[in-house]
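Below is the structure I would like to discuss, written out as structure tokens.
We just call them A, B and C in the order they show up, numbering each chain from 1.
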Amino acid sequence: MLYRENGQFKTSYRADQQIFPILQDRIAIALVLVLAFVVVPFVASEYLMRAILIPFLILSLAAIGLNILVGYCGQISLGTGAFMAVGAYAAYNFQVRIDGMPLIASLLLGGVCATVVGVVFGIPSLRIKGLYLAVATLAAQFFVDWAFLRISWLTNDSSSGSVSAAGLQVLGLQIQSPASKYLFCLVFVTVFALLAKNLVRGAIGREWMAMRDMDVAAAVIGIRPVYAKLTAFAVSSFIVGVAGALWGFVHLSTWEPAAFNLNRSFDLLFMVIIGGLGSIMGSFFGAAFIVVLPIVLDNMPYWFGIPIDTALAAHLTSMIFGALIVFFLVVEPHGLARLWSIGKEKLRLWPFPH
Amino acid sequence: MSERNIGEVILDVRNISLSFGGVNALTDISFNVREHEVRAIIGPNGAGKSSMLNCINGVYTPQQGSITFRGRTFSHMNSRQVAEMGVARTFQNLALFKGMNVIDNIMSGRNLKMKCNLFQQALRLGAAQREEEAHRAFVEQIIDFLEIQAYRKTPVGRLPYGLQKRVDLGRALAMEPQVLLLDEPMAGMNVEEKQDMCRFVLDVNDEFGTTIVLIEHDMGVVMDISDRVVVLDYGKKIGDGSPDEVRGNPEVIAAYLGTTH
Amino acid sequence: MGFFLETLIGGLMSGMLYSLVALGFVLIFKASGVFNFAQGAMVLFAALAMARFAEWLPALTGLDNKVLANVLAFAGAMVVMVLLAWVIERLVLGKLVNQEAVTLLMATLGITYFLDGFGQTLFGNDIYKIDIGMPKDPMFLFENIFQGGILVSKEDLYAAAIAAALVTALSVFFQYTTTGRALRAVADDHQAAQSIGIPLSRVWVIVWSVAGFVALVAGMIWGSKLGVQFSLSVLALKALPVVILGGLTSVPGAIIGGLILGMGEKLSEVFIGPMVGGGIEIWFGYVVVLLVLLVRPQGLFGEKIIDRV
């Protein structure tokens, strides 16, 4: 009843090609943006912003990057943490070694470095496919883990790879309070999400999906596999690198290589799969799920007033996390994005059952 | 059959031999294709017809032989180059991009002609937006031509087989090809669907002068619409000529009906 | 030279042990097309079960005979692994029959998290001992050629022998028995195998049980060597390059891959490591595998992937 498209005729291809062709969707997104930019910074508690919203935003960004590689282009990557690390440490080096370097420039340059590393580790994808590629990407993960720990030049001669980024400011505005950090991340995420969406609905997006679905046929219609795969790695690594830089600078402030280890890579992959492969919106859903779930699991014993020994709590969290992942994959392997679109379909018919 | 203005030799296949391990898929195949004609390749299953097309498209590399296209000779074809030279292809087993809808599948055929780079596409202002719209308009013409308007937003995996074959043809047509290689475009279709498909193929040849190379099993179709026919059996060429000449060839009859060798 | 040989042999032995874990991966992939990330967690789980059963049985029944206790503990752990295989098949695999490789991989990752937590909840999270009577004293070979002889761990030698026996048995099983053939059919094409009447769910329970058996043997040996502790689960990450190097579908490949990587790891650690700051064994195996895959994308002995259009 509310969600009908009646009367919404498109009279130009431009109108048909919009990101949100349905008017109600456009209104909803506008509301969400107003809420996010104008309401939340004043209303949300510090805890909410620090522990949930900021990680959610940054990890959504990383998930978008990974989704481009895994969901749209079909290349499995288990080494995402490594690219986040490269982005973070590179940005740190630019910020610290060059006097007066603007923060945003450092973050973006961190992304560029991650792009270079990403393309290098993407070259194997031209020969190696599927699960073999997945394991090959672990080489990136472990090598980068080691490099930032042992090669002190990379971390500006810090002994254990541990670095700190303090006193962030953009154009003279301090980025210290949770609200300002939140808005800073929000701007990045909104801009990047829009750019990513434009890419995936354009010619390059179709090339990526063609490579994913049937690479031999793609070659026959004139798509160059090398270009398609390497651009996927490049764009993906850039976004992931910037996300990594944001993670280190804005969320952690002080970090060491372990912040970007294999668990981080797995978390991101979970986000993409549970959120929905090949869906920008799905990346947000997945990130929300993975950010919120451990917090809920950790706090549940207190809410129910059951005291549990911390080691046991950790084990139980692990169990429930694993079980939920499996449950989710069994129930909806195409992720939350699919559930969302099924929900919208049902909403179009509401209040009628069919 | 309408009068076709058949021109010079546009594609010349010489002495192509292809083997996989110990299996000889093609042995010393030579034939040519003239511009604007409809050339059929026929033969029993396993004769090597699809492999021949795969050699032309650069999917397989023949061990011997050469292919000459508009005067340029290659010993093996590079898929991208072949596409740029104006050769498009449909597939026996469809090879559609199952994750995309009909419009996107056919739009992917326009990729060669889209010029905006990554950054322009990301910003999608001005040139990139205009390009998307212009190519969408072209694709819509193809959709109209193939009468699949109602399905344009449907993921291709959900379409029935006959419609998927049309999308496959649409994707090939989107490349505005000079030569169209069709691999069993009418397989698995009923009489009406076959007539529709025939009509599309003939219209493309009539209106745009596209040269058609057609693998087909339905003898009625082959005899009706083709100008010349090549017959393959067990990877070797056993017949080459007009439909009538080939029909009377005893070797061809033997290959199809099967006599004791 | 003596030191070099010592390092080499030590590497070969540890390589053999990696192969044991890798075997589990290959088995499951060969027979169900699933890349079981949870193999390491299974090794830990099995080892925990055996270690604790070996403790609890004598305590509960007053049993005095060590050998008998170990045998019963092994049997008990095996029962647990078969149960686990059955549960995994019912709840996970059976529901994800035709999903993409990534989804199945993620599901096994989920199982890893679950097993890690569950095992430690059920069996406790201290370090436990498995004592199956493996000799702990070292052997000295070739004392007349090299001064002091070459140090070889007897324990590793026994482990290598067990692993070799296991591999031979499994190879025979796959190639020459009807069940083995059915397993290979399932790995090729689930739907086709189902359509000729192969009971998919039963096949999977068998496969995961056999993999569980391999995990138990691996857990027993590693546990006896290192003690049963959480780091066993991380073994999976050490075994992954072995699996890929040998080719996901090859049982002998897992062995040869293990030997190569075990040797390479030890040698690089001792001879190259000090030059670049140490600690390179984390990524050494992976980088080697990456380089090999560039030349042979299907691993050393894996089946070539052919695309047909």
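The rule is simple: a contact is a pair of C-beta atoms (placed from the backbone, for glycine too) under 8 Å apart; a residue touches a chain by one contact, two chains touch by 3 or more.
The structure presented is a predicted model; accordingly, all values stated were derived computationally and were not measured.
Chains joined by the most contact pairs: A-C. Using the mean of the Cα atoms as each chain's centre, the chain most removed from chain C is B.
Chain B and chain C have centres, each the mean of its CA atoms, that are 49 Å apart. Inter-chain spacing, taken between the CA centroids of chain A and chain B, is 41 Å. The mean-CA centres of chain A and chain C are about 33 angstrom from one another, to the nearest whole unit. Counting partner chains per residue, chain B has residues 59, 91, 95 touching two or more of them. Under the contact definition stated at the top, the residues of chain A that touch 2 or more other chains are 216-217, 220. Under the contact definition stated at the top, the residues of chain C that touch 2 or more other chains are 309. Within the complex formed with chain B, the chain A residues making contact are 12-14, 16-17, 195-196, 198-199, 202-204, 206-207, 209-210, 212-214, 216-224, 231, 235, 278.
By the touch criterion given at the top, residues 35, 91-92, 95-96, 99-103, 105-107, 109-118, 120-121, 125, 237, 240-241, 243-244, 248, 276-280, 282-283, 286-287, 289-290, 293-294, 297-299, 302, 305, 307, 309 of chain C touch chain A in their complex.
Those residues of chain A lying in contact with chain C across their complex are 70, 76, 124, 127-132, 134-136, 138-139, 142-143, 145-146, 149-151, 215-217, 220, 262, 266, 269-270, 273, 277, 311-312, 314-326, 329-330, 333. Chain B makes touch with chain A in their complex at residues 57-59, 79-80, 82-84, 88-89, 91, 95-100, 104, 107-112, 114, 116, 118, 121-124, 128-129, 132-133, 136-137, 140, 171-172, 175.
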